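A, B, C and D label the chains in the order they appear, each numbered from 1.
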Amino acid sequence: MVTISVIGCGRIGRMHLRNIAGCGGARLGPICDPYAADIEGLARDYGVAAVESAEAIFLDSSVDAILVASATETHAAYIEAGVKAGKAVFCEKPIDLDLERVDACAAAIAGLGGVVQLGFNRRFDPGHRAAFEALRGGEVGALHQVVITSRDPEMPPRSYVESAGGLLRDMTIHDFDLARFFLGEEPEEVFAVGNALIDPELGEELGDFDTAMILLRCADGKQCCINNSRTAVYGYDQRVELLGERGMLVSGNRRAHEMRRFGGAETERGEPYLYFFIERYGEAFVAELEAFVGCVRDGARPEVGFEDGRRALVLAEAAYRSIKEGRLVRVDEIS
Amino acid sequence: MVTISVIGCGRIGRMHLRNIAGCGGARLGPICDPYAADIEGLARDYGVAAVESAEAIFLDSSVDAILVASATETHAAYIEAGVKAGKAVFCEKPIDLDLERVDACAAAIAGLGGVVQLGFNRRFDPGHRAAFEALRGGEVGALHQVVITSRDPEMPPRSYVESAGGLLRDMTIHDFDLARFFLGEEPEEVFAVGNALIDPELGEELGDFDTAMILLRCADGKQCCINNSRTAVYGYDQRVELLGERGMLVSGNRRAHEMRRFGGAETERGEPYLYFFIERYGEAFVAELEAFVGCVRDGARPEVGFEDGRRALVLAEAAYRSIKEGRLVRVDEIS
Amino acid sequence: MVTISVIGCGRIGRMHLRNIAGCGGARLGPICDPYAADIEGLARDYGVAAVESAEAIFLDSSVDAILVASATETHAAYIEAGVKAGKAVFCEKPIDLDLERVDACAAAIAGLGGVVQLGFNRRFDPGHRAAFEALRGGEVGALHQVVITSRDPEMPPRSYVESAGGLLRDMTIHDFDLARFFLGEEPEEVFAVGNALIDPELGEELGDFDTAMILLRCADGKQCCINNSRTAVYGYDQRVELLGERGMLVSGNRRAHEMRRFGGAETERGEPYLYFFIERYGEAFVAELEAFVGCVRDGARPEVGFEDGRRALVLAEAAYRSIKEGRLVRVDEIS
Amino acid sequence: MVTISVIGCGRIGRMHLRNIAGCGGARLGPICDPYAADIEGLARDYGVAAVESAEAIFLDSSVDAILVASATETHAAYIEAGVKAGKAVFCEKPIDLDLERVDACAAAIAGLGGVVQLGFNRRFDPGHRAAFEALRGGEVGALHQVVITSRDPEMPPRSYVESAGGLLRDMTIHDFDLARFFLGEEPEEVFAVGNALIDPELGEELGDFDTAMILLRCADGKQCCINNSRTAVYGYDQRVELLGERGMLVSGNRRAHEMRRFGGAETERGEPYLYFFIERYGEAFVAELEAFVGCVRDGARPEVGFEDGRRALVLAEAAYRSIKEGRLVRVDEIS
């Protein structure tokens, strides 16, 4: 059994708590969240200790691994401390909003052989995964185009937006990782446009966007388009389309059930798509945890690690530069 | 070129006029409809003569074939006269509402070697036909169950219902033919229930039904269910489902286009299905005509002929007896 | 917290174990299965006691409820013992294969005020439930036709078939309950045909069927058709179609994910449907348990109780009589 | 009746011949194609004259309109001659591959008040049109993103590619027009990437592309992405997706019929999409002709005219410049 402590018990941390509790090969260790008022009750519900500081977790020899779901600005420090303490680390994205800090973190853990997995859950979605496997299995031949549609159901609160680091570092970062996952090699060039169409004040006050299109291109000419929006009123819109020389693979959206309505003005009308990431990627969150537990148990390298977190951020930086300068940016201008 | 005269130029006759005019191997001959006020104008539009009585058509040696789209009670007489005059006959369903009259008609044309095709258009629908071919090609192995859904978009006018001969002879007759088409052998047993749920007065005053379920079974145990209703507000509902030992084939409905709506309360909401038979089976009406023209040209036996018209009526009679007596009726009790 | 003991820890019992363990308001009590070799290990995994006989559970005052997932022939006795011991009872279907035994059980628990819920899980499927709620909410007006498609992915082992009581008592019993659920009143008449098409020896040796169509009709003329097969190679086929005067509601099948393939010979090709009841009705099994826990906690009457189990069996008996006598059977001939 | 002569009777010209012959308000005039060996037979089939040179058509006072379906390099001259001769002109796209020639043509017909309609048939596709009308009707609120997928089923012959003017002027030109149609205003900025992935020699020898992604942006920030490929083996892939603040509209692909296959490895597997433009846009070709006939009859301005043809070409030029210079190009740099 792998004992995992959770640091940061907000909404996503609590989901991880449940998943760890229900995971066959894992057991929950002490949990920590100085900002969660009900942390004691939460610990009681799961029959574990609540500790006041993460330090206690790093010192606890019964803990094999930590799951970092705290505020973004603490991620890098916890990764460093966890790796130095010999704990395997599962860290929610992003490593940090600042590439220099990410590089410093990389330097700090270099050579320590730590197991670090990044929370790019979408790679573990059953539909996206099936598309990936069909692609790698050669079903559609050489890949030519990737189209990723990624739209949130509604704008997050202004307070969230203010601290999230901008659309491309907060939301598109998942799509950058997904693009790398499917492309199977590093994109060489990035072009992006971003606008504040849903909330124009967002653009004026924060310089942020809520609507974006990003093109990526690899050295061999493979093309990828990412379509982002902060508001898809019909539900969390998460699609991947892979065009190959011999076919196409499409991973589509899910609904809570398959009931359809037919009436005088409609046929096959379905419910809105599953509301948001907790619902849509519920199975993916479980699967990424199981993969992590397997890596910790077997000492294996996680499929999606620190460097993947860094690479996604580099693409975000390249996209921001592209928006600023109105040109195709080479990724190696950034990294 | 095959010259075809149309007898009966109401709604369905006019559709056949257009199809004959647009058919590569056919040419329109004189037309006849004593009840159509604008028959002269219609003839002018198509550049043909309008004759006052069908007799003139039977005597016209330039006419190769007649298409009978007149009132049901005239069908058998036109078939007899047409065959005796050496014309190929395409007759809209049914041959007659009365089985004895059908048998008399059969006797009258026996041995004359006439080409008679019945207007069971659904066999020629591209989707139903593709299902038929996949089935005969062995794609799903032995056939076990057939489910035919057949629902009109709305109740016909009372005047139509009064003279149509009852739901099973008027509407289900198409489904009986379709069942025979897919089953590939004669059903041996029939069971049916019928109710007047949409228009209860229909039941009280005319003893007719608007909602029915009919089971058919072949000697080898193959089963077929037909679901009928006079009102499907979401459009003409015409589906066939073929369950075989190694798979299923489903021929579904069509819409005018593939536009889908997504909103706060819906995803993938489509338009209502194509409204009725003129729209839904438009391609089938063209294809059955082309098949007829081919038979006339080549002296071939039509795929769907007089005996098919008779067999479908026998099944309707068996179904009525089943409803009356509340039991499984053997088809050979009727025929 | 409601403490629930599980009696019978085979495949379906183990699924219930997991669901009880993961259910917010419930806690697992001692478990019992004299035929499960690994019952001790199972108990250890869940941190509960394994008792040798169900008697110990009935005597255990800490146990609020029992979940009966043992062999069918023991169900009625456990229901009686459970109710007499003051335990709420959740019993897998059927109560018994023999209607007299069911009636004796009813008599034995009459007046004791016990909470008994039957495992007709399909009522709790999110899609079927959404269709039910839309129907009851009046979205399609008066109900006219119900079509239930219910096909297993493959034939069960011969040993299972031999003891299962026949297709209609074993498999269709779920559909009879679902029909009653949607019809909203008792069917008055039943007609059925059954054949052994997949495994003809089944018919010859056991007199059982693997392929059936059953019609039900209510006093007001509402019609219902159930299509059953023991083999749908494309996955567990579980559909409900509700035709009303103002529209149609359809609850369809689910796949493990929404990946579709497009190639030279295909478009939108999906995976087979979820394999079987454990997968397809996974959410329904959880939801029925939650409903049961709520009833135990609140002393409420379960939505689906003993009488529902009895009614479904009565419909099965009526269907068998219909097959034997080739006629429409009135349900009150049985009950 | 509007009399229309066809100039250029190759594949697309013949389709227009059929459509004119079948169009209620139109009549075919003399036809002309010096390169069609069977032009006499073709004329006989339609009962019209075949003339040796288009000049005869311009001089024929019984001809109201010409439909230009000849080689691209002749389009502009025929438009000029037609307008000067007082004929309404329906011209297949593009006006010319050279923007200067287009501008010269514009100057030549300026002030003559001619009726000129461009063959941007996709605007008349029932699905795209329904999406357009729902959008303009306000169903999804303000438009934020447009995604146009446009992929041919297979590479055209090398000879075609060599003379077609490049992917963006030949194929994407339709998508540029469609983008303008949906955006409802002129895009201000263009960015594009193009690669020769299907036929790398195409790139090396002709400098052309077979795979492209193009971004367009309007002054108000609306974004549009066009995804092009010369090879979609699953059929002609023609989709439009419109994301608005209050919903999404999607116009999808069509198949020849709605038959779906279900088997051990698949569910709901459909046929490939309709093969190519003749099949997919068959209804659109008819509808654009009817619209043209209406304009000629009523002296109305065509919905899609000369300036639309020019605007689409300007976008193609901007996209080529973007590819060459690797930057966002302002459309007014070109026009």
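Rule of thumb we're sticking to: a contact is a pair of C-beta atoms (placed from the backbone, for glycine too) under 8 Å apart; a residue touches a chain by one contact, two chains touch by 3 or more.
If you're wondering where the values come from, they're calculated on a predicted model, not measured in any experiment.
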Worksheet item: To get from subunit B to subunit D along touching chains, fewest steps?
Response: 1
Fill in: Chain whose mean Cα position lies farthest from subunit B
A
Response to the item:
Higher number of C-beta pairs in contact (A-B or A-D) found for A-D
Worksheet entry | subunit A-subunit B separation of Cα centroids, rounded to whole Å | 57
Fill in: Interchain centroid distance [CA atoms averaged], subunit A/subunit D, Å
41
Worksheet item: What are the residues of subunit A that contact at least two other chains?
Response: 232-234, 246-248, 253, 262-264, 271
Practice prompt. Quick one: which bits of subunit C touch subunit B in the complex? Just the residue numbers, please.
Written response: 142, 144-145, 147, 149, 151, 189, 191, 193, 195-198, 211-213, 215, 217, 220-223, 225, 227, 229, 231-234, 237, 243, 245-248, 326-328
Worksheet, complete the sentence: So, in the complex, the side of subunit A touching subunit C is made of residues 22, 125-131, 134, 139-140, 246-254, 256-264, 271
Item to complete: Provide the residue numbers of subunit A that touch subunit B in the complex, in ascending order.
Response: 232-235, 253, 255, 262-273
